[in-house]
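Take a look at these structures.
After this come two complexes, each holding chain A, first together with chain B and then together with chain C.
Coming up: the complex of A and B.
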């Protein structure tokens, strides 16, 4: 799997040297998923989400390591990595796309802005074009983004053994929230 | 005595076995690799370069394995969700090796200073902008 985050930064950086302040990022973003079934609720938290947002072009990207998800139950963590996500084969989950209405968001004014996001979501090695609404929140000079959406595990070739079918939801709820800071190095 | 041997003892055995099985299935994850042996001992820059040069090969070689990495501490940060992140320096200024601690954090912070060389054991999760090691422990602990 190509690591495109570094080349992306370099590209953005080199083509917009003067406007380097247009790039926001975080390396400690938060992603949460919840698989809810009648039998059991399984959820996990990842606090090492990397995300970039170009406030000029609206280009937005998220990348996270599957193995950085933390679970309450060790058994769930093992099954998640070994059986469902096959994280040795597909170590990352990522999203790359655009905030289509970036121009209409005034980052200098406090408020909660609806963000129309369109791009490719890649999970378990499978990429799917998605369109999602999220929020960009500006408060006291801090810029954060959040989104809640649902993912159908069949869309990403995630296979669940028949024996545990009733313990893994077909539609998994995902929440992402990140706090951005200007990218500077 | 007959009652004990015939009914109570077998019942006690079954219940104990059941409880042990449950406590395994419902166990919490190990929060650190302190008790595990490192498969690789490697410098932070060598580890990062392996991923930079050929990420697929590095993924196969390192992900899921316990690695003992040594390098110069760039920063230590307690994150909002309660994890401790220690960043080790590599040649590429945009990269690094990020060591995430869940446990023994106060002890770790006390022993690490920026500019110091540290030796840290952790399980490799892969690379984003830096190579990430999770469930870390200071070596020698």
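Coming up: the complex of A and C.
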């Protein structure tokens, strides 16, 4: 009777271990945006981006608090949160999707891999299906991911008062980079 | 028996293991995001509610140049164009030394005051990992009148020209509504009359309602503990403002019974009454660089 208990315990724990290893995550990812106009450049950094990547299924997700953005311009924070992003109403920005070519990315081998990412981007309470290319970089066992893309603020129903229209770009450049570690509870 | 329990536990623990499905990642995202702290922003539109201080302050290196202006009382009638012929102003410049400490200087027409002040943010309202129900700041102001000394019976000491104000600013933002309670202590080295108090306590109660992203209304009231036997009739200042924000400018239209604009004068020296219709129009313009 005793003979099968120990192997079973080992099996149970090893399953848990494998499950955890499937999942990479970070909560200190970085997001950057730049609104460039002739009148003024407004940019912000968010260093509290949470992200998960399931290396088995290619499932990938990002989430951040809009309010965690820090700005170069002292007055930008209030306007960004109060006027444009309405961050009390819509506190989070999010992306959920899949790395479609996950099977062709070998995370055990150093290199820069193009990742075809497809999913839903949610900003200001509006979700849009997007398809974007990013990079997954493996270097000395460290796995990082980055992407640069452009968001049209009209697509996400972000309204700009008429009087400051020339100070906020219609197309905002966004950069995201994250460094993953294995997820364990 | 023991073995049955152990094997039962093992079977149960297998059941607990969940596959890493899509739903799990969503739940994990929310769980991890909830571990970050969400600090409340823009509890009030500017550093002041109407006349008094708000719980807001400038960010590091921010500069707020503010012009406040009050006309005369509506009661002054047609000949004074209902107060529009009179003018009383207060210029202030505030600067953010850090995100938590702000200093400022000002000059008021009323009593020819020169003012200096400091505001320090002690606690910030937040939710998430760090939970804090209110924002708490300390504000301290000192003012000197540069008026010609009128009391011939006393020496013109510089000390006699000084007044000190200390205030705690306790604020909470509930969605579009923000509430501020401000216990205040005011000390005046020399008062106008013998039966005026050198030390005054006051309790400020202010509110702000955000109508849209650029438009709000605000109310500010100070209950002032003036001596009952004072020969001057003092009133509690009550002020309303409608504010409009464009880019880095805030415009406020003000209705108030207070003639003065500087905090210590508003709290300690308001002699006009709403019930007697002794109120006036004014405006504040603030530009933050």
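The rule we apply is simple: the second predicted complex is superposed on the first by the 167 of 185 C-alpha atoms of A that agree within 3 Å, B and C clash if a C-alpha of one lies under 4 Å from a C-alpha of the other, contacts with A are read in each partner's own complex, and residues count from 1 in each chain.
Keep this in mind: a residue touches a chain if its C-beta (ideal position, glycine included) is under 8 Å from a C-beta of that chain, and two chains touch if they have at least 3 such contacts.
It should be emphasised that the depicted structure is a prediction, and the values quoted were computed from it without experimental measurement.
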{"item": "Superposition on chain A - do chain B and chain C clash or fit", "value": "clash"}
{"item": "First, second, both or neither for A:125, with chain B first and chain C second", "value": "neither"}
{"item": "Chain B versus chain C as contact partner of A:72, first or second or both or neither", "value": "first"}
{"item": "Which of chain B and chain C A:45 touches, first, second, both or neither", "value": "first"}
{"item": "Residue contacts with chain A in the superposition, chain B compared against chain C", "value": "C"}
{"item": "First, second, both or neither for A:96, with chain B first and chain C second", "value": "second"}
{"item": "First (chain B), second (chain C), both or neither touched by A:23", "value": "second"}
{"item": "A:86 touches, of chain B and chain C: first, second, both or neither?", "value": "second"}
{"item": "Which of chain B and chain C A:164 touches, first, second, both or neither", "value": "second"}
{"item": "First, second, both or neither for A:61, with chain B first and chain C second", "value": "second"}
{"item": "Stretch of chain B, among 20-28, 74-82 or 110-118, that runs into chain C once the two complexes are superposed", "value": "20-28"}
{"item": "Chain A residues contacted in one complex by chain B, in the other by chain C", "value": "1-2, 5, 9, 27, 48, 50, 63-65, 67-68, 74-75, 77, 87-88, 91-92"}
{"item": "Interfacial residue positions of chain A with respect to chain B in the complex", "value": "1-3, 5-6, 9, 27-28, 30, 45, 47-48, 50, 63-68, 70-75, 77, 87-88, 91-92, 185"}
{"item": "Residues of chain C defined as touching chain A within the complex", "value": "3, 6-7, 10, 13-14, 17-20, 22, 25-26, 28-30, 32-33, 35-36, 38-39, 41-42, 58-62, 96, 128, 175, 213-214, 245-248, 288-289"}
{"item": "Residue ranges of chain B touching chain A (in the complex, touch as defined)", "value": "25-30, 51, 55-56, 59-60, 63-64, 79-81, 83, 85, 93-95, 98, 100, 102, 123, 125-130, 132, 134"}
{"item": "Contact set on chain A toward chain C in their complex", "value": "1-2, 5, 8-9, 12, 15-16, 19, 22-23, 25, 27, 48, 50, 52, 54, 56-57, 59, 61, 63-65, 67-68, 74-75, 77-79, 81-84, 86-88, 91-92, 94, 96, 161, 163-164, 167, 183"}
